[in-house]
Structure formats: C-alpha cells, structure tokens
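Notes follow once the structure below has been shown.
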Amino acid sequence: MTAPIRVTVWGENRHEQLEPSVAARYPDGMHGAVAQGIEHHLGDGVRVRTATLDDPEHGLTEEVLRDTDVLTWWGHAAHGEVSDEVVDRVHRHVLAGMGLIVLHSGHWSKIFMRLMGTSCTLRWRAEHDRELVWTVDPTHPIAQGIPHPMIIEEDEMYGEFFDVPAPDETVFLSTFSGGEVFRSGITYRRGYGKIFYFRPGDQEYPTYFHDGVRRVIANAVEWAVTVRPERAAPTLLRYDTDDFYRGHGYEGPLDPEAEAALAEPAATTSDEDAR
Amino acid sequence: MTAPIRVTVWGENRHEQLEPSVAARYPDGMHGAVAQGIEHHLGDGVRVRTATLDDPEHGLTEEVLRDTDVLTWWGHAAHGEVSDEVVDRVHRHVLAGMGLIVLHSGHWSKIFMRLMGTSCTLRWRAEHDRELVWTVDPTHPIAQGIPHPMIIEEDEMYGEFFDVPAPDETVFLSTFSGGEVFRSGITYRRGYGKIFYFRPGDQEYPTYFHDGVRRVIANAVEWAVTVRPERAAPTLLRYDTDDFYRGHGYEGPLDPEAEAALAEPAATTSDEDAR
Amino acid sequence: MTAPIRVTVWGENRHEQLEPSVAARYPDGMHGAVAQGIEHHLGDGVRVRTATLDDPEHGLTEEVLRDTDVLTWWGHAAHGEVSDEVVDRVHRHVLAGMGLIVLHSGHWSKIFMRLMGTSCTLRWRAEHDRELVWTVDPTHPIAQGIPHPMIIEEDEMYGEFFDVPAPDETVFLSTFSGGEVFRSGITYRRGYGKIFYFRPGDQEYPTYFHDGVRRVIANAVEWAVTVRPERAAPTLLRYDTDDFYRGHGYEGPLDPEAEAALAEPAATTSDEDAR
Amino acid sequence: MTAPIRVTVWGENRHEQLEPSVAARYPDGMHGAVAQGIEHHLGDGVRVRTATLDDPEHGLTEEVLRDTDVLTWWGHAAHGEVSDEVVDRVHRHVLAGMGLIVLHSGHWSKIFMRLMGTSCTLRWRAEHDRELVWTVDPTHPIAQGIPHPMIIEEDEMYGEFFDVPAPDETVFLSTFSGGEVFRSGITYRRGYGKIFYFRPGDQEYPTYFHDGVRRVIANAVEWAVTVRPERAAPTLLRYDTDDFYRGHGYEGPLDPEAEAALAEPAATTSDEDAR
C-alpha cells in the first residue's frame, strides 16, 4: 500500500459548541484531536479530513465516502439527529469494504447498532476512574507498540455486560479503579468491511491527547483498510450449474406466472426485496 | 424444563396461495409442515401455534410474542410486506431472550438482516441439486441424531459467499451436486436471545417433510430456549462507585445546564437516544 | 438425562499434606471441598467420587475414566509427577467425549497444556486481592444464578496475558483490586469433549467454600456432559466414492510396493503413525 | 517490512525416494515445488531455504529456526520418525512468534497435533476427485487474488469431520466431486505464533504446481510473519501490586519451608513445572 490511506474523521461536534469546558479541553473539536493523533502517528501514510454533524449531509456524501478508506466515528449527545439516509449510505459503504472505527460513546450510534444488530447497552459512570487497557491478543496489529497495560489516568467508566455480538477478535480488555471490566478493543467483519470498536475517550477527559490512545487509533486505521482491490457490495446472484463465475441478477421470488398475476404494488414489493 | 416449550411457527403463506403446485405440495401450508415436524419430534414437550403474514399484525402481537419461547421464521416472496413495527417488536423480544430459528429464504427477511447487520446475500440456483448436510460440530445439541451426512435428494442450491457475520458456532456445512458449499447450520447470540439459521427448505421441494430436516428444527427449538428465568432486554444504566448491583436510569447525554439550554426538539431527540 | 452424572474430582492433595495451614483450611482436602460443593448443588443429579495423585495410577484407571462423565482437575505443586501414561489416558477420554473442568492452577497441568497446545502462562500474585467475576455471556448455562459481578473477598491474582487459544466462548472475566484482568471462565471443545477452565481457587484461600464458586463448578459439570450417546474417539477412515457411511481402517501411508520394500522398523513406524 | 521474509520449507522427502512416480512428478522434491512457488510469487520479498527429514536434526536446528520467520511443513509417511526434540524446538519457536504453515497430510504431523491438542483425524479417499476451494472470508489477506471458487482438477479427498479446534478464522471450504466437504484453509494463533493449515496437495497429484495453490501458500507466508518485534515466548511471572511492568521469575509452587522440607527429586520436578 503506497498510496496514502484516505481517512475521514467524523465528530458530532455538539459538546464542543454547548459546553465551554469541552471547548476548552478540545479547542479544535474532538474530531480535530482524533485527526491530529492519526496524522501524528502515520504522517505521509494518511490523508485525513474531518466531517461533522452540522455539515450538509453530515459531511458524508456519496462522494466523500467513495473517497474514504477508513471512517472514524465519535458521537454522543445527538445520535438521533443523524439522518437515516446517511446511515444507510455509510452502512452500504462498510459492507462494500470501507473500514470503520467506532469510538467510545459511538457504541450507541445508529451506524454501530445497525451493524451489530443488538442494543449495544452497557453500564457506565463518569467519575474519576483510572482505566487500564490490557492486551489479550498480543499478535494483533492493533496492539503493536502499546504498553501492557496502557494506563489512562482518568476516564469515564464503561462496564459489562456490553450487549454486542461475540467479537471476531478481542484485542483489549479494560479494567477501572472501581473494579469494572469492559471488552474495550474488539473487531468485527461485516460484508467486506472491517470494524474496530475502541472504548477510551470522552468529552469530559483529554483522552484523545493520550499518546497510547492515539497510537491504537492509528494502528486501527492501518488495520481497517481492506485488502480487496475495489469497493463493491456483496450481491445475490443466480448461478447456472457448472458456471461458477457468471451470476445472473435476481428476478424476483415468484415464478413468472404468479408474478404476472400480481397487481403492481406487489411487484414493487418484490423489487424492494431484491434491493 | 418441565413446562412445554411454547413455539410459534411463522410462515409467509403466499406461495401456497399463489402457486397451485406449492399448495399441492404443502396442503397445510409450509408453516403447517414445519409445525407438524416439531410436534412429531417433541410431542408433549412443546405447544406449537402458527401465524402468517395475512393475520392481523402478522399474528405476532405483543401478547403472542410474550407467550413464545421460540419463534421460527420462513418467508420469501413478501419480505417487504412485513411491517417495520412488527420487526421492531420481534427484534426486541429476541434481544430480551426469545429464541429465533430462521429457515432457508428467511435469510433475506427484515428480522434476520436486522439481527445480522449485513446484506445476507448468497448465490443460488433452483435446479435438481442433491444436498448433503455435513456435521462439523458433532458435540452440538442441534446435531444429535442427524446422519453424517444427511442426504436431501433434491433441494434449491444456496452457495457461498454468504454475507453474514462469522457464526458463533458452525454446526452444519452443505454441499450440492453442482459443487457449491454453504454454511447451512449456524448459531448466533444477540442480546439474551439465541438464533439458529438453517438452510434447507424451499417451496419447490418437499423439504419440510424430510425427517432429518424436521429433527434438526426440533433440536434447534430445544436449544434456542433461553436458560434465563425472565424475559428482559439488556439496558444501559449508570452505576455508582462500589455499588455493583443497583443501576440508575439514563438521563440523557448532556450536562443539566446544556440540556436546559436546548429547545424542546433536541430534548426529544435525546430521549429517543436513551430509548 | 435422568441417570446421575458421574463426576470424578481429582485433587493433587500435596499442599494439604505438606502445609498445615492448608490442611486446616481444607480438612477434607481441596478435592473434598470441590466434591462437596458439587453434591450440595446437584444432589441426586450426580454421583461424585474423588481421586488423588498418590492413589495407584493417580486414581484414574481406564475403568474409572470409562465410568466418568465429567472430570475436574486441580493440581499445583506436582504437575511434573503426573505420569505421562495417565495424561495420555485422560486425553484420549476427553477426545472421546468425557467432560473436563480445569480449576485454577490446573492451567499448568500436563493435561491442560496437552489440550491447549500453548504455554498456558500468565501473570500472578498471591496477596490480598479482591476478585470480581463478571459475566460476559449472560445466556450461557454456566452463568445461570451467578451474581453479576460475583465477589470473592480474597483470592490469588491471575492476570493477562494468559497464553491459551482464543476461547470458543468467554463466559467470565475477572478483575482484581490491583487492577489486573483475566479471562476466568472459558470453554473449549476438543474432539468430542467439552472443556471449561475456571480461574478462582487457591490453597491459600477458602475459595472452594464460596457458594458462588461452587455453583459455577456445578453448572459446569452439567454443561460438560456430552450429548453424544457413546464414548468413542474421532478416527481416520477411508471412504469409497458414494459410500458416505462405511469407513475403512487406515492401512498406512505408502503404496503397497513401497511399503513392502521397507524394512520392519519403518513398517512399525507407519503403524505408529496410524495410531 | 522491507527485509525479505525468511522462509524454511520443510519436506519429508520420502515418497520422492521410495516411489518413482512421485519422483517423476516432483523432480526437485515436493519441498522443491513448494519453495519455487513461494519464490515465484514473492520474488525478492522472500529468502527461501529447504530442509528435509534426512538432514541432521531434520535440518531444523536452533540456528535455522532462529533465522526463520515462517516454516512450512509437509509430511506423510514418516511422521513417527520426526524426533521429539525437534518437535519441541519447533513448538517453542511457534509459541515465540515463528509462523507455521501446515500443508495437506501434515495434519497428522507431531507438530500440528501438539499445537491443536486433538486427534486431527478426518475422512479421506485417493481417487480422482475434483476439488473446489471456496472463499468464505473474502476480506482475509490469504484469499486475495484467489478465484472463487478455485478449481483443482484432481486431488486427494479429505472430508469432515476434521477433528481440530474451532478455527480462529475459516478462510476456505473445499468440496469434492464425490460430495464431501472440508474446512480447507483455517487459521489459529498459538502463543505469539500464527498458524495456517491448507489442505490441497498430495504426492499423487501435481498440486504444488497449481498456480492458485502456490498463490495461497505465498499469501499465507506473508500473513504468518509476526508483527511483534522480537522472538520471545510467553512467560509466567509474578508481579507486585502496582508494579505492572516488572515481573519476577517463578520460584516454585510451594512456600519456602515446605519446599526446603522436600527431597531433591521433588525440587527437580518443580523446576520442570516452572519450565
């Protein structure tokens, strides 16, 4: 991979506008801090842009997504304001091969819930917990160069039970000084896309300036780039016997006669079925 | 478990109405054949009812679902006609502990796609393929009493790539006389619910009268019953330090001042976020 | 399953003989405490016997193992004294369907290392850590009736990295007051046998009198019983085309002529290969 | 990774000496064909050497292994002749980070069985089956550039049940014209080492000249190189409270008094325990 990785850092950017303490902590926005961390670690190996909720189409147009190898996602206060159309679009791109890194409170974003199929609920507490991030998959590329454990002096607590599917790979487990535990670095493959969820990071703490946290995100960016040559979603196709390579488009679930007998509305429905 | 397992067999029941050949093959409907197979194998151990698309609320009211330990799902021609409200309801019950068995073309149902987060696409061919179902997890309860391989003389072909998440457990792999392969018996846990997808079965073949197929479905019914004592969905709760057992309800993502400063619409949004 | 589960509780029984404090803590031996806990929770559902290192053949004769549905294993100071022949025998029975529950320091037993293929190393500290056992697979039968978290006031600490294969299922994660984390309840299938490793329990603490710990072990006993009807190891067999059900015994890797040309020693070797 | 990957291709090299037909098919030995395929695809990116059973220490000295990033293994007729000392050495290097690619009949090699912990048995037939290799993990680097399906006109048949642990990743499934199925491309992590088992390839067929098979092996070589900077095995160490980074060596399982009371033999044993 010699061309730079094209990264889009998405930030909700609401706390920064509504809460002066957050604005002071993250003067370039939380998305700005995340973007700078990636650039710091990957340098010329990446080309990073940012996008936020208030941008037209949340900054995630078809054109932008087509030009994005890896998307990072941080949201919290306004998950409900993200338009379903944009969520559909991001979902489609992930299944077609775009990498996705979901950060912290992004666990409750529409896109993460769509990809997981679960409630993505957990236990939490915003106090002064110290977080220790332990590596349980030491050969995983995302864990390279990360101390074992990595210490985050103060961060919000997330605890189990975290209602997500059993991860494909569990890279990190976090403990908190209060005694809780969390599967804090986990990977999934959905369609042709690679997904990494990473727990640390909150508007109330300067977590995205923590060098180890930044390094994890940078490692994950490199990991999440697909090795497939082109972006194309999985499709449903019919294959004739002994013809393994040339699939035919789907023509609806009913036999032609039954199909013809149906009124227009039902025919439309079967088109929808076929997407 | 001494009380009988409460099973609801859901069938789309459209092919049976629209295609005389299917009606002749499945005189009690495909759902009827599935229900009879479960009763045949589990006898007094189950109480089976059926529900179909054309029933009010598709036969899947809150009351019915609350009274259902395991739901089986077969649909094909009219996935798009299943109301989103019913899909939401089934989804909620699965996450809260209801077992779900998705059959054959149910791979493209709204509920399965919702739970998987992927496109659930595959390759297919409705010809005269023989299907061999091989057990690759011989200690799994769903595989007990099933021949290795189990032979289905004629069935529709489904082949890889099947775009689903990596299964929690792969119980069966199918091969077809045309040479294709399919992960045909796979399990997932989502929320507190257990899910089994089983490939065989098509309106064009008498698959749901095949005794081995029926036995697999009956085994899966027993497996999918949750061992948790009550139906309750995972929740997001706040826990104070050193209080591991009493969670507080979520009160929105913003601090009280910022919350107060927001107009009504946004407040509504954050309620939605909190679900 | 109406017949009682036949359980053999194996204990090394060395600390109890060598260290008076351990003998005082576990007057019936650690194996005695484990056995009593299982009987307490499963009553007539089990028939429990114990066996120890100093018994002839460590109490694990072919006859005993054939009469054992589930074996539990605790060892620590004398792993090296367990005879390889007995380890081979236990290994064979596990692959043929006997359940195995490995407790605490049993992580370094020959039988667990044989089944895992890894070093089974970890970090540890015998101080006054409080252990919290968190459930991350709440639908798993082994987790039923266990508090979330389960509190063990004082126990030895085991921390990651625990060098074991990625578990088939991760049921429990433990945290320690020192901040460490451990995958403390994990399952594996090997051959036709089901294996559960459970971390808590040490000669220096009265862990095997803890009611929750006992309940986990009792749950695991029920879970580890195979559903297969008979004990028989997987075999390598040759199958003719179109004959899926009648395998032939293996007759050595070389063609008959080459085989004949070889001297006796090599022929012996190939028999060994075929086991 | 700019330095070339150091690959050692190990071949049993017995069929080639004992069976003229094999010698004719593989004039440079099967190991020669495997080595050439890797060089063909990776060019300057690799430095490949070969080693065989009849070399001193089977060509796998400590020095050679220390100089090997990835080892490939093909054996069949003489698994029993591989010395346990060499197997121990290879095992130690895999756990410390050396990649291992096990080919075809290597499924019954001592090293693979040691790493898996199972019987590694399967069903087989050496007839004229066509093998189709289907990709079920299309984003996996090992699958890149491989046709879906990949057709091998004639090869030995291996069928399920294959008694191995549930793979970390299932990359390929094979079907055979006789109707059997096999998990033919599977990955495992053991210790710090990455392992790939790949089914195709037999002395009776020219499989290792098949360009797709060669490409899979070359992809696997690149995948199996560890990303960890140094070769070091996982260790068991004691850590003081609040000292997460400096572990102490293990000093035996008993308290000092009990340890002192023991005679020499037992002390030796506990050293062995500590490995």
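All chains are identified by letter, namely A, B, C and D, in their written order; residue positions are counted from 1 within each chain.
One rule holds in what follows: a contact is a pair of C-beta atoms (placed from the backbone, for glycine too) under 8 Å apart; a residue touches a chain by one contact, two chains touch by 3 or more.
This is a predicted model, so every value here is computed, not measured.
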| item | value |
| --- | --- |
| Each chain counted as touching chain A and chain B at once | C, D |
| Same vs different contact residues, chain C with chain D, by half of numbers used | same |
| Of all other chains, the one whose Cα centre sits farthest from chain D | B |
| Between B-D and A-D, the pair with more C-beta contacts | B-D |
| Whole-Å gap separating chain B and chain D, where each centre is the average of the chain's CA atoms | 38 |
| Whole-Å separation of chain centres (CA-atom averages), chain C against chain D | 26 |
| Chain centre separation (chain A, chain D; CA means) in Å | 34 |
| Chain C, residues touching no fewer than two other chains | 132, 137-138, 148-149, 159, 161, 166, 169, 179-180, 189, 244 |
| Touching residues (chain side chain A, partner chain B) in the complex | 15, 18-19, 76-81, 95, 105, 108, 114-119, 121-125, 127, 129, 159, 161, 163, 165-166, 168, 178-180, 188-191, 233-242, 244, 247, 252-255, 258, 261-262, 266, 269-270, 272-273 |
| Residues of chain D that touch chain A when the two form their complex | 97, 132, 137-139, 141, 144, 147-149, 151, 168, 189, 192-194, 226-228, 244-245 |
| Residue ranges of chain D touching chain B (in the complex, touch as defined) | 130, 132, 134-138, 148-149, 159-162, 166, 169-170, 173-175, 177, 179-181, 183 |
